[in-house]
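Order of writing sets the labels: A, B and C. Residues in every chain begin at 1.
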């Protein structure tokens, strides 16, 4: 047994700037994967609800795979799986695609619920005013859907930040990856991961705070 | 002028409109009465091009609504429609509700659209509600908002589909008054309604629908006091 | 053995058996951590709902941290802590313990929501009928709250089932770890991933469907 372990925090503190920089990478990749994921999720939801058969089917496979397999499995698909086709993505792209795939799948279901919660008569009313289908959706339906899914969407962003830590398994150096690299170089594993945990906690709280602020500014009705 | 010729409408196998012929002239107020399910709403949707038709023709100012080349979005700006459900856009203020379509459909400037919206809201008696969201308005106010929103497109025709049916009884009056005001101003109106008082007092003609057929049409006096069809008589006896 | 043309070159029936065993490990880890985590979580949820202030600022904060830190970080962190403290614990049990605590943090939230969904008025009604606190809990809060939270609880359980894949970072041969090793050996990533994915799907999809079915039945 090994009771002699003494905690050394100073080396970790010296590397704190590196960890903070890596956490910016975490935020960046999470937010980017959300932005693309929201767009794709919207398309998937619409396709699943009233797309032509083959496309609706593809959308269903996407959504169900994203929701019924581990996120890590999805990352593996973008690393080993695509490798089978001779496509070797960089670790950054593996993580970005994996997160985006997952976000889009979960968000699609949220959006579908959102669309179903907006009464059909809203579309009729918009069309009766002479708005085109595109105008009706972008000006009337989708803003209401966003209001309905805002909360789940915030949760998904938090989830994306947490999920991005899987990057350490495919060798991308966002916060978790950087933490792992530094920790195993110095064998101060516990200390490094404890600090990383704190940073994640702070990031999540920061995101939730910002989202509450935005909701307060945006939803006046 | 709205002309409906030999109109047939099916929902799958369900024959909902069975050959409707009807002409509504400029300035006329037509009320449509009839039991629930007789096809009244569907007729309005067909006029507005919100539903496809299977046979016949609908002409609005000589333009065929369902013809292939018709620019429906443009044609719809000639027809304002008010629905039974309030249908105000919940994420927009009253002013924004009214100003949106003039701006994005008719291409008016922001300032112009707002000016129009203010005028129309005042017109329907909502001059003090510009910045209210629909959730803060009563049902009657929301229906008047819907009327203002339709009027802002400067339509030649107004189609009302049971605009007062979803309202609490004490709120019906204010909406009917607004509709009456429009009639007095000379608006051409087709009103599906269960308000027999309104049908009798305001309309030039009343049409009675029964199971997808226009059983009878005539001046309100005749329809209400000496209906020709026994179905009409029965219906009127029941609603009184 | 080297049969470069055969479809199953490298990946043989025996490997399918490996994956099935690994899937069993995944199921075992999940079942153990979900069951203990749920019991713990319901208890925590009850504390949170009963002692608003003290509960919220102590237990509430701790549980919130478990929900706000990536599971993979928690696994590495606590596994190392166990080692540092001299607790010789296998990756399997370390994974189960950490997942169970993580589950309890998620369930606590759900459970508190359920207890609060039943609402004070209904509980008062129960009490006014002469039911004791325990009886009110048993006959009013539990049955109503259960239906209210069941869908969210299933969501948590399915999430943990999938998150159990992360125990692979501790080196335990659960489904994804074995799949990854097989990929390295057989060089047939698509086939191995498809089989592993099918196992996850087979575990998760029926449960989510059945839950949706139950939810619909209860609503009507």
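Keep this in mind: contacts are C-beta pairs under 8 Å (C-beta built on N, C-alpha and C of every residue); 3 or more make two chains touch, one makes a residue touch a chain.
All values reported here derive from a predicted model rather than from experimental measurement.
When the C-beta contacts at A-B and at A-C are tallied, the pair with the greater total is A-C.
Averaging the CA coordinates per chain and comparing them to the mean over all protein CA atoms picks out A as nearest.
Computed from the mean C-alpha positions, the centre of chain B lies at a distance of 55 Å from the centre of chain C. Between the Cα centres of chain A and chain B there is a gap of 46 Å. Taking each chain's centre as the average of its CA atoms, chain A and chain C sit 20 Å apart. Listed for chain C are no residues, as none touches two or more other chains. For chain B in complex with chain A, the residues that touch the partner chain are 45, 48, 50, 73-74, 76-77, 79-81, 83, 85, 87, 89-91, 100-101, 104-106, 133-135, 146, 149-150, 153. Contacts from chain A toward chain B in the complex involve residues 119, 121-122, 124-132, 135, 139-140, 143-144, 147, 220-221. Across the complex, chain A is touched by residues 65, 68-74, 76-77, 80-81, 83-84, 86, 88, 158, 162-166, 168-169, 176, 179-180, 183, 188-190, 193, 196-197, 200-201, 204-205, 208 of chain C.
Residue ranges of chain A in contact with chain C, taken from their complex: 1-3, 5, 64-65, 67-73, 76-77, 80-81, 83-84, 158, 162-163, 165-166, 168-169, 176, 179-180, 189-190, 193-194, 196-197, 200-201, 204-205.
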